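Structures are listed in the sections that come next.
Here chain A shows up in two complexes: once beside chain B, once beside chain C.
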Partner chain A sequence: MKKFLYTLIFIFLLSILFTGVAFAQEPLPSDDEVNAVASQLYCPVCESTPLDVCPTEACRQWRDLIRQQLADGMTEDQIKQYFVDNYGARVLAEPPKQGYFWLAYLLPPVLILAGAIMLFRSFKVWTKPQAASTGLDEEKSDPSKDEYVARFEEEIKKRN
Partner chain B sequence: MIAEFGYGIALVSFLVAVYSIFAAVYGATKKSASMVESARRAMLLTFPLISLAAGALIYLLVTNQFNVAFVYEVTSRSMPTYLKVTAWWGGQAGSLLFWSWLLAAFTSAVTLRKWDRDIEFLPWVIVVCSVTLVFFLGMVIFYENPFTRFWLVNGSVEPHMFAPLNATIFTPDDGNGLNPLLRHPGMVIHPPMLYLGFVSYVIPYAFAMAALITGRTDDRWIRLTRRWSLWAWLFLSFGLVLGGRWAYDVLGWGGYWGWDPVEIAAFMPWLTGTAFLHSVMIQEKRGMLKHWNMILVILTYALVIFGTFLTRSGVLSSVHAFANSPIGPLFMGFVSTTLVASIALVIYRWPTLRSETEMKSMLSREALFLLNNLLFMSILVVCFWGVIFPLISELFTGQKVTVGPPFYERATAPLFSALLFLSAVAPLSAWGHSTIQTLGRAIWKSAAAAAVVTITLFFTYTNKIGALIGFFLIALILFVTFQEFWRGTRARQQAQGENFLTALSRLMGRNRRRYGGYIIHISMALMAIGILGIELFQTSTQGALAKDETLTISGYTLQYKELASWEDRGEGVNYTRAVVDIFKDGEYIGELNPRIDYYFDSQQNMTIPGNRSTLKDDLYVLLVDWQPVSAVGATFKVYVNPLVNWLWIGSLVFLVGIVFAAWPDRDPAEEPARRSVTQRANQTSAADD
Partner chain C sequence: MTETTDPKRGVSLWVQVVIWVFVVALLLLVAVTLKKRQQGTVQPGDTIPDFTLPLFSGYEYQGQSEVKLSDFRGKVVVLNFWASWCKPCEQEAAELQEAWEFYESNGDVVFVGADYVDTEPEARAYLKKFGITFFNGPDMGTKISQTFRIQGVPETYFIDQEGTLYYIKIGPFISVDEIKSIIDQQLQ
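And now, the complex of A and B:
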């Protein structure tokens, strides 16, 4: 009887212990949490395919790896860095903002700005004579208001 | 026998096209009308010849001649006949022959027109078209031959056109089959539409070059090719839209546009083509921007070839694949040579391309069109740089990088917004001269109405600033454009005493290009609603469900009911289909059946979403995974895509607008006589086309 009681107490303690362990376990990150990270990464093997939608078995395993890394407490940036370290910068959705890769970000705005400046300079060149003529149109249309013409007329009158 | 026949005919076509180049150059330089006519007939002959070659290839495809390498690669016994025919453009070699066939057809159509006073253009149009045709036929004959067959040589299988010594023909039992992704109806039509757009742009380019070579650099070449440009734009636009729809239906990632380099390759000539469509109007109306129009048409042609090069050379997967590809360097050489030669011609004719008039106002229609061109070119710069930067990076640093959607979206969003704003303002400005006051007077009512719509949306739909700006611009375009229709119709009613509908239809019928353009503006606004919806408001979730378990997203509840899997041996496909009940706010609204099709021949999956589409949103459900033995559980990815249907509705309206604008309604030869009358009439209107 005593032995039976000890066995019961042992089972009870064991069950409490296991229950405690089970309660202490964090639930695995959800698919949405995994996809939130995976969508920022590109499949290291396929062309132009985000990791969250890539159907290959390799990508499935990489998503599981992200799930495990999240469960282990890694941050998004740490996970991304892990993939960059292992598979290169191509796994990022954009070139990293460092060193030579800045060229990717800087060249388009520089070219666009240059285009805009060229266009507005051309506008100025185009509109300048016209603006002058628009302003002076009425005066020019009246020869008496044109100083040069008036003087010219006066000279002719004098000669006559 | 058929393969040799097809190859032989392709070779003859190539030689005939080469002859037409020399005959046309000789005829033009020696002023020999008979040689020019000979060149024209040679050019005309290429179309039936290439048709015969294409017919031979189609015969091989539909009769399962798997000893032909191309047939083996793109077809299988289980494919239906219509797919075997469309497999013609499903692989590289066939698609190059398809390109050549379309170009021969278009060039024939051009050379058959009445040339009369434009006869001096004819030999040079033939030269440019034939040079392009010779390039593509050369690819087919020397590098990407679709008629190559398998031969058994000393125990190994080798592809050759003609039998090597001691070789016997080798015929596999079955073919690889077409990539399942290419079996979708959208994908069956999408490539031909893109190719039609690409090839059509060769014609305006050929006329531009003819104008530069002959020195007739007035706007005659533009008037002659106006409809070609519009049809080219129609085909290219339709091709892009079909590609987007295909991606949405088949690729299984809940979107329609992924800023993939292949998509961008087709988008870039569309950008320059759209800028060109606006810019030529300035030349026609004001005799300005002659240099710029030449540059735009040259760029469009170069981007058409460059786009084909990007998708065909393997350069996108790796610069090393490009270097190893037999056709990659040739494409690059052809693009560079034609670009340099064309720009050299523009520089040579620079003095004759001076503007006839000057820009009077920075708010005039022509000035706003120029701004529009700047914006299109800016988007082109972003796209071009985004596509080639990974190649440059790999070439110079050995490091591959990805330039994905965040890069493009951030860079192009303000540019597209500015384009929307211009679409609203430009129709209200006048050719020649406009001021802030005149524009303000014309736009204030529409702007006030758009502001009311935006405030209403703020209280009822969203408080996102980006979205509200977007909706304001969309509403502004719609109000301005409808106001233009209303104003024109009312004016006509008063002048002619017609009823509203008659006045509207006659107004539109007599100004097809202007009102076709307005319809296109409306379609752009509708498409922008869909783009804003999916880009800014898309939500998604993923979850594994046991039978009768539910998943909730944005007011929808999905309940997994069952899953079935079966094989169709005839089609060579294994289907796995889930049944999911859908509830909206607790009320049952229907059933969706996402599925995965597995194709045995190519050993590839195709993910087909279950989609419930309304004007408000799309519920887009993908079957991601399932437990095959007991089928008690399955994983679903679910997207709610708000307003995305407006994108497709806008696309249809867009097509209506282009067809309306491009529809032939008069003999172009009569136009110069009528132009002065039209101009006088237009001077009375501040807002003409």
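And now, the complex of A and C:
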């Protein structure tokens, strides 16, 4: 029994020697997690290419940095703020809701609304029956009110 | 009896004024943006506005963790924009360092590196790799590069003792002599 116990201890020590000691390790964030943040950023070097699909070395470095920041426990907003502080607000896919960036949010709906109103008004005018449009039109279309016809009728009466 | 209706009303005058003001403002904004984009970099003869560059630790200027351009008044400033991901920057890194070592002891020329759109670990590795010792720091928020309207990296701006730009080098230097000749023309 004692011999068996010693053998077990020997095997255990041997296994530690060959395998080493393993510590619990936090897994690094996956590519999907990194790209979820990276897709909201643009590198100023390669404008109009989102960071998650940009193939340049600069963008690869940025993605590595995001991976590290996520591993360090930084939130999405904190990471975005870090990039804004370091590289400027133009790295954001969505402009921040402050200062003149508000124009980017306000202009499109205002323009669409103005266009819709103009279109609606024009459509109303186009579809309105011509005769019933205004009193002035009626007056013009009434032959009895026509100055030329009136004079013509008067001349005929005189001749008769 | 005829039915009386109001004559057709057009868009009121103030609405027309607002619309036209809005359209003109929009066109002006587009024009200014386009002009800025096509303007290119700042030009020799332009007075460079003061700017502040935070410095990497180990690359401080007289113990200061940041420098202003105005701190260097009376000296020729060689402002180099670079990045660790930029391969052409590597071609000139050794030349810039050699030129800096040549002028360092005189004190009338200062070399400043502005790290453009970079990450600090890679930037530090780059500085270490090429043994760069002159003042260096990140261009935070790309504010300095926007002031100079740089088109890419590397770009080097030579600013005279009065703070006026006198030479621009787009792309890497091909030799130390090239750097020296640009500096010496201002020192003479």
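Heads up, the rule we're going with is that the second predicted complex is superposed on the first by the 104 of 160 C-alpha atoms of A that agree within 3 Å, B and C clash if a C-alpha of one lies under 4 Å from a C-alpha of the other, contacts with A are read in each partner's own complex, and residues count from 1 in each chain.
Just so we're on the same page, a residue touches a chain if its C-beta (ideal position, glycine included) is under 8 Å from a C-beta of that chain, and two chains touch if they have at least 3 such contacts.
Since the structure is predicted, the reported quantities are computational estimates derived from the model, not experimental observations.
J.: When the two structures are laid over each other on chain A, which of chain B and chain C touches more residues of chain A?
T.: Comparing chain B with chain C, the partner touching more chain A residues is B.
J.: Would you sort A:D77 into first (chain B), second (chain C), both or neither based on which partner it touches?
T.: A:D77 sits against neither chain B nor chain C.
J.: Determine, under the contact definition given at the top, whether A:F101 touches first (chain B), second (chain C), both, or neither.
T.: first
J.: When the two structures are overlaid on chain A, which partner does A:G88 contact: first (chain B), second (chain C), both, or neither?
T.: Both partners, chain B and chain C.
J.: Name the contact category of A:D31: first (chain B only), second (chain C only), both, or neither.
T.: Only chain B is touched by A:D31; chain C is not.
J.: Touch check for A:F123: first (chain B), second (chain C), both, or neither?
T.: First partner only.
J.: Does chain B (first) or chain C (second) touch A:S48, or do both, or does neither?
T.: Touch partner of A:S48: chain B, not chain C.
J.: After lining up the shared chain so the two structures overlap, which partner does A:E57 touch, if you call chain B first and chain C second: first, second, both or neither?
T.: In the superposition, A:E57 contacts chain C only.
J.: Return first, second, both or neither, reflecting whether A:L65 touches chain B, chain C, both chains, or no partner chain.
T.: second
J.: Once the two structures are fitted together, what part of chain A is touched by chain B and by chain C alike?
T.: 88, 90, 134
J.: Report the residues of chain B in contact with chain A in the complex, numbered from low to high.
T.: For this pair, the touching residues of chain B are 252-254, 258, 260-261, 316-317, 358-362, 367, 370-371, 374, 377-378, 381-382, 385-386, 389-390, 393, 397, 399-407, 411, 540-544, 605, 607, 635, 637.
J.: So in the complex, which bits of chain C are touching chain A?
T.: Those in contact with chain A are residues 2-5, 7-8, 19, 83-85, 117-119, 122, 138, 140-143, 146.
J.: Quick one: which bits of chain A touch chain B in the complex? Just the residue numbers, please.
T.: 30-32, 35, 42, 47-48, 50, 53, 55, 88-96, 100-101, 103-105, 107-108, 111-112, 115-116, 119, 123, 126-127, 129-130, 134
J.: Across the complex, what residues on chain A touch chain C?
T.: Those in contact with chain C are residues 43-45, 56-58, 61-62, 64-65, 84-88, 90, 114, 125, 133-136, 138-139.
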